[in-house]
Each structure stands twice: as structure tokens, then as C-alpha cells.
């Protein structure tokens, strides 16, 4: 990465790490934590949805696997949540391989629907199987014990975001990233240049699933109470897509910006309209799709582009 | 020396339609072969069969002696078969150079190497001035050249050019013709598909294969084929004289 | 005998499923659009029927016509304002748009009506009758009959009216239709409106036997996807048959296994069809 690239990133992450030093309000801290976790989710979804152009509406499955793993392995085997997280990540990888090889055979809306179906199957299983305690949910242990357990967990989430960010940055300029973009635009063209779309999509999904599962584990250990409706809901999958699209799908900073905008505005709105957040998400999604499909980032890109690129000759 | 590409009794059906009816012919290295046939004659199907987008029902397709029937397109590309499409589709959100890099990434070991190779190909095709512009919004002729550039960048030794001159005016076609001539120097064997026997084809092609409704009608040097009574009959003369039979 | 009873129950519910799914199949067949807001429109229809009954004493068993009409207008409006702009773009954007519209509808309902569960009680809804050794809930039977009637009308409309033929023409070949003087945009709008009206009317028919709340549309939305894929994307007959089939499958699952597993079975059927016979029962080509 060139200096102009890593400096803003370094500053951003340094800022994030500094927050526990000066932000005392526990409620605000929780909001920041949610911003970071959702940023991870958005960045992870972006690999599959933004770069590879595959509309996955079942990503919450991996979130749930991460969350439930921490809870289940602790309850059944007494594992500490770090081991639970590792297990969750591995399980998510296996699930991604399975789900990916099934669903990536399908194109367009069939693919989206099949990802939705697989995530719903997981949610229904969690709801109905006894060892997940159904609708009652489960308790997950915290990663760190009190005092300051929450703060330490937050500090653990920042490196996760940094990892996701680095992964995206690398992808953006690597052969892998170009392959994904080619697949997004036109799979036939991608094959014509020697790219195997099935394998590349699977790789993207693997990376994505692992990040999402880790975020799920962190989420579980902070909120400590998880259930099918909190960690396996379709809404979360849609939120991931919204975050990435709002900020800018297929860009490095997009999902992070999207998470900040969405989480902050959702919290702010809660103060005025208790029940309106779905409506707001819906409106944002409609507005983004119709008027700003490139997301917030595209607003800046356009201005920068006009300033620095030579005008293309119209023939 | 063994031919670069050999088709032996290749057959392909789509439901009730016999798109490819027992086609056999060879292409030697360094040749420029044109496959001629109106739309629906089976040219694109043939290209799809060779490059792997469609699997032959029976017959053999040998590339450098290796049977490639059943290979997926990315596998044939890796072997050295490049292909352009009738409806060109550059990736609009990438620059011209990045589009070509998509091709050069195949055999490059680093991004820098991919970029170097892409620039080389762009230079060869005269597109280096546009390297940093977005591929979207380019005129058709340039987009066609970009398709060819991308295919060349993959290191293709056999280039399948489906209707590469369709939609171009005479000046633009002339550029393609010049390109085809230089391809031979670059070590690339070209197989092109066109709708009629044009002046250009007569001048360039070492050999010509005429298709009619999926079957091979005639094959040989352009001069000979043009006088073949079966070909004349199939084309009813009028399309045919456009090509200019008299040298 | 108990099995037959389960099948009968499933069949009756399946009638409503069929109506809902036919609406979705119509939209997909004509516009190649998967409407993720379909279930939400059902919810809107249910609320309209609910308030129609509680405020105006309109019995849903004939009020469904009004609800269908209202939703037809709403659907056309939504097509004209929003959907029209993404036709021709990637399915990615189309799906996200309809999902966004769905969220707006659900979110709006939550804001206006809160998440409370509401229901009406019609005297009809508590009655059971019997046909031989089998008994059935009269309300379900009436809904089934109406749904069947609705489906038949739809079929006849598609077959014998000029607009119906235009709709089928566009569904078959969108490229050629304009050449025959068909205004594809208009036909798409009408089809979308029709599809949404089906969902709304089905919602009205469901009200007497079910409850309404903002999220009630979700499961029906998903069921519609399953049915439309099962029947063959875009096929109205397929959706009708698929609806009945799914109803019966669910009924048997509830009887032999457990009620809560019916949704899982829905999705397993869905994935199985997509992977093994993607064109469904009546579809022409595989996706």
C-alpha cells in the first residue's frame, strides 16, 4: 500500500483503539462496538456481494454459527470462549464450503433465494432443536472477565476489523480481486481469461464466512445472550447488504462508512421513533438502489475522478 | 508437423436442432482460417465448442494433439486458446489497461508483471494512449480491439475471433485486417468467423471453411472455394459477388 | 384415515397458498422479477381487510374483492414510481429494491399499528362441517373455494382477453412483443399490479383464520418462493399445483412429525428442487 493509502487507515484504527481512553459513557461505548462489529460484517459481505457481485442473503448463517459455537461449546464441554470462537470459525468455513458448492451453481435470483433458504434452515433448526434451547436462546460467556471485560472485548474487535480491512485492501489490487470483479461483470468473459468462477467465488465466501463467524463470536461474548432471532435473523443478512451498498459496494472503505452511517443514524432515530428502524432501513435501501447504487463513496469518487483524470475523448 | 487444431466429426445438437453436423477440418500453426456462414450456420456454436462453452455430443477436438472436448472455457484458455465474442463485453468499471491485465494475470507472477505484459499488448495494438481511460464509453472499434488485446494477453496461441468485423466501417475493418496480418508475426494462429466472403477474407485467409446449416459445405483456398458450385448455389450468387470474385 | 384428514387440511390451506403464489408467478413470468415484497403486500391486504371489518363491518369473504382492487392500484403505483426504474438492470439491484420496499411496508406497519397481533372472529370461522368421515373447517373451505374461483378467473382472463394475451406474449418473449404493438411497460405494470392484488386478496381471505401483525407476510413470502420454484418459474398452473402440493406436504409433515418442522420441510423441498430439477414441474428451461 502506498503512503497515501495506509496513513488514513492507520489514523482511523489508532482513533478506534483510543476510544476506551476518553469515552466514558457505557452506552456510547456499546454503540461504537456495534459500529465496529457491523463494519466487519459489511466488509466481509462486500467480498462476496460487492467484489464478486453475488447477492448472498444468507450470510447471517455464519454469524449464527460463530455465536452459537461460543455458547454451545461452553455449555457442553466447558470450553472457554476463545476456543469456542476458533471452533466457530472452523465450522463456518466448513459450512461455507458446503453451502457455497450448492448455491453457487445457481445464478441470479435463484442464488439469492437459495442462500436465504440455507440460512433460514439454520435458524429453524436452532429454534427447534433441543440442544440449542430453541426460542429461549443460550448464554454465552464473556471473552474477558470483569472488570473492564467489555472494554477489552471491544479492543479485541478492532483488530478483527483491521484484519478484514487489510484483506479487502489486498483483494482490491490483487489478481484475486480482479478475478472477482470479472466474475461480477460477466462470468463468460471471466472464463475466457482463464478464471474458474466456481473456485474463486468459493474462496471469497470462505474468507467472508470466517470473518462473519468471528464477529458473531465476539457479539455473543459481549451481549452474552443469543437466540435464533438475534443471531440468525434474515434481517441481519439484509443489513449486511445495506451497509455495504450504502457505503459503497466493491470499495475498500465503503462498508466501514456504511456501518458508521447506519448504526449511528439508527441509534439517533431510536431516541425519537421507537419503532421506525425497519422503515428507515427500507427507505435507505430504496434510495441507494434508485439514486446512489455506488454508495456514499461514489459521491467522493466522482469529484476526485473529475479532478484528476484526463477527459476521455468521445469518438 | 501436426496441426495446431483438429476437428474430427464433431456433432452438436440442441434439442431438435442439429447445430453442428459432422464437422471436420484442421488448422495448422501460422494459418489464418476463416469460417464463413450466415447467422445460424453454426459459426458461434463451433467457437463455443472449441473454447469449451458448449460440449460436443460426439467427435474429437484436438489442440496440439490433446482432446479438449469436455474442458471448461478457463481450461482451454489456460492451454492457449483465446476467444473473442460477437457481442463485445469489456468490463466497464475497469480501465483499458486493467481489462487487458485480466488476461495477462493468467500467466503473470506478479501484478507488476501483469501490468508490463498488458502494456506490451496495448502497444502492439495501438491502444496505449487510452490505457488509463475507463473501458466504458469507448467506440465499438476500440472495444473490439480491447477484446482481442485481452485474449492475446492470456498468451493465446490460437485466437478465435467471432464476427470481429461486424458493425465496423471500412476504415475500422482495415485496422482489424492490419492486426490480423501482424498476429502471424506474433506467433498467433487466427481463426475468424464472418458472415460473407469479403474482399478482406480473400486477401488474408490462407484457407476458408464454408458452413451451411451446421454442415461443412466446402473448404480450401479462398480462390477455389469462391468458384465452388455448391458454395455459389448456397449463397445464390448475390451475397457472394460482394466478395469480389475477380482478383 | 387420519392421513386423509391431514391431506384434506393441507389441500384447503394449499388453495390460499396457490393464490398467493400465482401472483408471484405472474410477476416473474412477465417481468422476470422476483418480488421480495410480495409477502408484505399480503400483510397490507390483511390490515385493509381487518380495518374494513372492524370499522366498516365489511366481511372479508366478499371484501376481498375491494382489498384486491385497492392493492391493484397500490401495486401499479409502486411499479410506476419505483420498479420501472430498475427493469433492465441487474437482478442484484432489483432484488434489493423489492426488499427495500418490503422493509418500508413492514416498517410502516410497525410504526402505524405496532407489533400487536390482531384478529377478527367471524362466526363462520368456528364452524366445522364434514364430508363423510372427514371434517373440515368451514372458513378454510370457503377460502379454498374463493381462491379456486380466483385462480380460474385469472386463467380465463389470461386465455381469452386481449390484455391477457398481451401479458402472455410479453412473458414469452419480451423482445418481440413491442413489435406486435404491445406496450411492455404498461403490461408489466398491470401484471405487477395483478400479482400484488392476488397477494392482498389472499391476505383478506386469510384474516378470518389467522392473525395479522406487521411481520405476518414473511413466512408466506418464503413459501411463495418455494411454490413458484416448485411449480416452475413463471408458470401459473405450476404455482397453483405447487401451492396445493406444498399445503399437503406441510399437512403431512405436521401430522407425522411436528408442526414446527413444516417450515424446514418447505426449505428442504426448495433446495431439492433447485438442485435436482431446477425447471420445476412445469417450467421450460433450467435457471
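Going by the order they are written in, the chains are A, B and C; count residues from 1 in each one.
Note that in this section a contact is a pair of C-beta atoms (placed from the backbone, for glycine too) under 8 Å apart; a residue touches a chain by one contact, two chains touch by 3 or more.
Remember, predicted model here, so these are calculated numbers, not experimental data.
Overall, the chain located most centrally, as judged by its C-alpha mean against the mean of all protein C-alpha atoms, is A.
With respect to chain A, maximal separation of chain centres occurs for B (centres as means of Cα atoms). Rounded to whole angstrom units, the spacing between the C-alpha centres of chain A and chain C is 32.
Each chain gets a centre from the mean of its Cα atoms; for chain A and chain B, those two points are 43 Å apart.
In this assembly, the C-alpha centroid of chain B lies 49 Å from the C-alpha centroid of chain C.
Contact with two or more other chains is made by no residue of chain B.
Those residues of chain A whose C-beta lies close enough to touch chain B in the complex are 173-175, 178-179, 181-182, 185-186, 188-197, 250, 309-310, 312, 314-315. Every residue of chain A that touches chain C in the complex is listed here, in rising order: 53, 55, 57, 102, 105-110, 112-114, 116-118, 120-121, 124-125, 127-128, 234, 238, 241, 245, 273, 275-286, 288-290, 293. By the touch rule above, chain C contacts chain A in their complex via residues 34, 82, 85-86, 90-93, 95-97, 99-108, 110-111, 114-115, 218, 222, 225, 229, 258, 260-261, 263-264, 267-268, 270-271, 274-275, 278, 287.
Contact residues of chain B toward chain A in the complex are 51-53, 72-74, 77-78, 82-83, 85, 89, 91-94, 98, 101-103, 105-106, 108, 111, 114, 130, 132-134, 137-139, 142, 150-151, 153-154.
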